[in-house]
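Input: a single structure, listed below in structure tokens.
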Amino acid sequence: MTIRGFKNHPYIPNSNLEVQQEMLRELGLESLNDLHVEIPEELKLKKALNLPKAFESEYELKRSINKIMNKNISSNEYINFLGAGCWQHYVPAVCDEINSRAEFLTGYAGEPYNDHGRFQTLFEYESLVAELLDMDVVNVPTFDWAQAAATSLRMASRITRRSEALVVGTICPDRLMIIQNYCDPGVEIKLINFNKETGRMDLEDLKKNISNNTAAVYFENPSYLGFLEDQGEEISKITHDRGAILVVGVDPSSLGVLAPPSHYGADIICGDLQPLGMHMNYGGNQSGFISTKDEERFVMEFPSRLFGIAPTIKEGEYGFGDIAYERTSFGNLRERGKEYVGTQTALLGITAGVYLSLMGPKGMYELGENIVQKSLYAIEELSKLKGVKGSRFNNIGFKEFVVDFNDTGKTVEEINGKLLFKGILGGKDLSEEFPELGQCALYCVTEIHLKEDIDNLVKAIREIIE
Amino acid sequence: MKIIGLIINPIAGMGGRVGLKGTDGIETLNKAIQLGAIKEAPNKAIKALRKLEPIKEKLLILTSSSDMGENQCKALGFNHEVVYKSNKITVFLDTLNAAKIMEKRGADLIIFVGGDGTARDIYNAVENRVVTVGIPAGVKIQSPVYGNTPELAGELALMYLKDGNLHIKEEEVVDIDEEAFRNNQVRTKLFGYLKVPYKKEWLQNKKAPTPLGEEESQKAIGLDIIDNMLEDIYYLIGPGTTTKAIMDQLNLPNSLLGVDIIKNKTIVKLDCNEKDILDILGNSVGKLIITPTGGQGYLLGRGNQQISPKVIEKIKKDNIIVISPNSKIVELKGNPLLIYTGDEALDKNLEGYYRIKIGYGMDIMYKVSVGH
Amino acid sequence: MKRIVRNSKVRDFHQARWNEPIIFELSRKGERGVLVPKAEADIVKQVGDGLSKIPSKMRRNGLPNLPEINQKRVLMHYLRLSQETLGGDVNIEIGQGTCTVKYNPKINDKIANTEKMTALHPLQDKSTVQGILEIIYKTDLMMREISGMNYFSFQPGGGSQATMSMASIVRMYHRLRGEEDKRDEIITTVYSHPSDAAAPALKGYKIITIMTDENGQPDYEAFKAAVSERTAAFVVANPEDTGIFNPRIKEFTDLITKAGGLNCYDQANANGLFGIARAKEAGFHMCYFNLHKSFGTPHGCGGPGSGALGVIEELRDYLPKPLVEFDGDKYFLDYDLKNSIGKVKSFQGSPQVVLKAYAWIMSLGAEGLYEVAKIASLNNIYLIKKLLEYKGLTVPYKVDTQRIEQARYTMEEITKDTGITSGDLARRVMDFGMHIWSSHHPYYIPEPLTLEPTETPSKDDLDEYIKTIHHIFDEAYENPEIIHNAPHNSTIHQVDETSLDDSEKWCPTWRVYLRKTKED
């Protein structure tokens, strides 16, 4: 029996019966049933798929999906204080303009000639992020920060031929899960304790755990919980004394004002590009970068593509190509640490490049300054509330901070539930991820928050807890 | 200044046009001349040498008299020095002696023009001590030491001399039993290896890992074998560069063309003949590691006759480990690997599917059939 | 006036060539591209500059060396670079076979670009994200029907991550059965996608590759010889990259099931099978679809994409956390997966891509999907027949075996005759505004072209493509020099790649370029 097809569909030019017949005739076939003849009958479906009926016009499609999507309340309709790995920043209009260009949006795997623009934009993105990090080599982006960290640890394992990584205990548990799955088997992950007062890494515990089998030590700045880890130089020394590699994760939006990890000894830097011009997209615009010095032992371990600049046969013309492409299959054969390349998040790399071109050095500085001022203000104001500590950790942070509600007698869940009624998305409830902190929430303040937003938050919480 | 050796076997290829299969041996050559054969090789040499003109000023060519190179250098105006003279019709000794002198004079590269027989002579003279480029002119070209055309060989030489950053690999010198060949029997044999430069093809699969180059593959295979070696078991390492990579990574001496036996990662005996193998094995378990050698995908029966039916019966089929870089498998174009031990029943028994180790932790299932 | 005669057989094309500087060269001190909000005066009064509270060793000394460029110039730069990129929307996209580069409907992008999508934070309370959860859940339901699998995770961000996730599930499955160490081999086939071997290798598996028989189908006898108690799983594409469908696939999967292994189906490209055949009936335990291939979402120069991963009922609890579920009233995230491999990508993967795929399916329905598969195949068969009219071009293995949605060709004979390789062809075809990409691993087929028309070119498009390829073949015989020096009408000329493999010379960023090319 024949399953019916959708004729004259606008996306399928040759669903036009007349053309279809003409093509079939050319091929000496009678009907579309004469296609797929190599598939045995017992594998073939005998009736049409049971799917919802297609919309018969573009208008109806749009209207119906918009109706579903309008059930969402966006972070622009409410005031949003959620961060925790995905941050709401302002996205300059030019970023959207460029990444919606059909050529980039629908480009893929052309050659350095006809996709010259793709190569150049990605080379520029690499170069711009390299300046921000004060490092030499940056990859074409991978999936997200977690993937970038996991790959960095595998790179370190291949370079050192060791099989263990020591990871800061304040890492985001979701990020840790991704790292653990990706590194299993091959690289064992061990967590290092943190100081309960400051959040900083417990250096004694680090010294106790580091060994000649330690491939890498990993921490983040700012940390997942927002505070700064200012013992970079000490951690670097402990790490390097044991011949291990220092991997540091970083939020690049902080680097207009904060020292890049290369300044305190990082060998590999990783992080997320999402704050650099990407909408949140319900977490769908995360994009990981990895950066190293321009040394062969590092470069040869990248599984990602690295676009380099090169001359063409015509004087005065820039060309591009893949650096040391064969390495992408190399890896350390013994540890089977071989990785792979594939479709990851190139368009977001292009966008990050556009963002940094627009922001320039002053923009990044002002962004950082604004965020530091606003978060300090929010912490101070929240601390004025009875039973609330604006910052759980006795340590300065960037963009995010842990608000302690333990003495209010209320749970974060309760508070957030009530904030929602007031049109506010409260900070992330940490009571499950870090039970030792009790009722704490991770708040995020960026340049999108006006003073009145913060004041509204403080006012709302006061109403809830008093 | 770069010094190159130029060796032209002027009679190479003469047999072909007049229906003879090669010009090895004076009688055959005389016959070829009687039949009106003309010299092909000198012209081919010129085609290749033209490619070197861009670096003409920086070259000194060491060569032999008359049509063995001198005339061609003169014709193109290359700076040259005749280091070997011969008045006779060129025979294998001329190639051999000239190559030896050129090595002694410190040639950076030897360019030779001829066929499989010429490659054999070069190998006998310099083994794998000097980098060579072969310009194809002979009737028989089985050895992959030759460029596809004289022009391509010339370009390869130019690239090697100019940037020096081409990769070097050892390629098989394979030749045919000439008597059998003239009786329409094709039987090749592995004689040795020459060092040749090669240009990595820019295979741009940018979505998936590129395959490893041949040398890296061999290294990877070697690591896999070593990591999985069992204690107190004899390992028979067959001939070939792929098997050699195992020995190299164990830092053991080895015989490229022979069978070496190791146990617990130390040498038991190098270059064993059939009797050595049988004596050493006695009644203990042994594993045989082999790789295709001698062209045409032969696993057994080309250049490794030490691995006799008796040896294989002792080892048993399950203990045969086959290794090969994937590039060699690709060259088979889907044809099976072959065995020909001379023992019909044994050969039949050895047929079937084998796991061919092509990388670290990477096998392919491949068919092995009886050859002839 | 006279009628303008347009009778050129091939397109007279020239790509944009702007010869743009590198972004850093556009810098003019003091220029700004965008202004950033500043803290209100009251805040500054209260907390000061803030920065002085940061320990000095954590403060950046000086500003990052980013360029300073006005907004128009930034825009102009990137617009020009976009014009120098041959996206799928502007060319007849056939030459990137295996990638399923089809038309990506604009309306789907429009729908996904509203704030109801872009401005959602992934940790928002579920009551505020019912819309996107509903879309994910309904897409899951439709994927189930399309594949016959029981549950889908949309976490993997692309095909290789989906394959890695499948291999992770395989490992966890055998681990929980106490067979992890024993089962250390994964079997794949030579013309499955290279990621099918690479991703399981990362998870510590030995890979055994099955070669084809003379018909271009995986050799069943070899397969039988490979399957053992050490087999953890079988990872395979069908049809493979040659476009050839393995009709005995059920025998293969049955053998694996009997041996205690899992069957994993790489359906990154499912374009030729929609509504025709499914993973379930072929005996698979898992499969994945690349939404950015078969389901019409844009490739974005290489992501973000989505590798929707489906499993049978028994494997639900192994999926990455969380899954979107529906309790009859509300949609919610279910973290309660007791054997879960954990997570493979942050949050919920790429929900905006799922939304576009949902829109794509809803614009087609069952009848449309069936039409997609039929026309993808029709276009492919037509392309093969017409292209092969040129002597010297053929498809390896049996010519009369009907390919499904793509085919790998060989121009070996043309190369033998003319010296023009498939790589040369790839460079020349750019002069006519088209692609033939140079990726055809594992290169068992000499001088390959891998062409996949999909359902979205018209017959006229196909004819233009065919004419162009034939035209270049003619050139190979008559005027090979023009091919050797190609491209002529592309954005740039041939790149001198010699520096790219040399660590002394390679320049991965602008700062390295300035350093390594500095004149003393």
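Going in written order, the chains are labelled A, B and C, and every chain counts its residues from 1.
Please note the rule applied: contacts are C-beta pairs under 8 Å (C-beta built on N, C-alpha and C of every residue); 3 or more make two chains touch, one makes a residue touch a chain.
Treat the numbers as computed from the prediction; the structure is a model and nothing was measured.
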> What chain sits nearest the middle when you go by CA atom centres?
Replying inline: C
> Between B-C and A-C, which chain pair is linked by more C-beta pairs in contact?
Replying inline: A-C
> Between chain A and chain B, what's the gap in Å when you average each chain's C-alpha atoms?
Replying inline: 51
>> For chain B versus chain C, what separation do you get between their C-alpha means, in angstrom?
In response: 41
>> Centroid from C-alpha atoms only, then distance chain A to chain C, rounded to Å. What do you get?
In response: 19
> Of all residues in chain B, which are in touch with two or more distinct other chains?
Replying inline: 204, 206-211, 361
>> Touching at least two other chains at once: which residues of chain A meet that condition?
In response: 109, 111, 322, 325-326, 329, 336, 338, 340-343
> Hey, what residues on chain C touch two or more of the other chains?
Replying inline: 99, 195, 198, 201, 438-439, 497
> Which residues of chain B touch chain C in their complex?
Replying inline: 163, 165, 202-211, 326, 330, 333-334, 352-353, 355, 358, 361-367
>> Using the touch definition from the top, list the residues of chain C that touch chain B in their complex.
In response: 99, 190, 193-195, 197-198, 201, 205-212, 214, 219, 221-223, 225-226, 423, 438-444, 497-498, 502
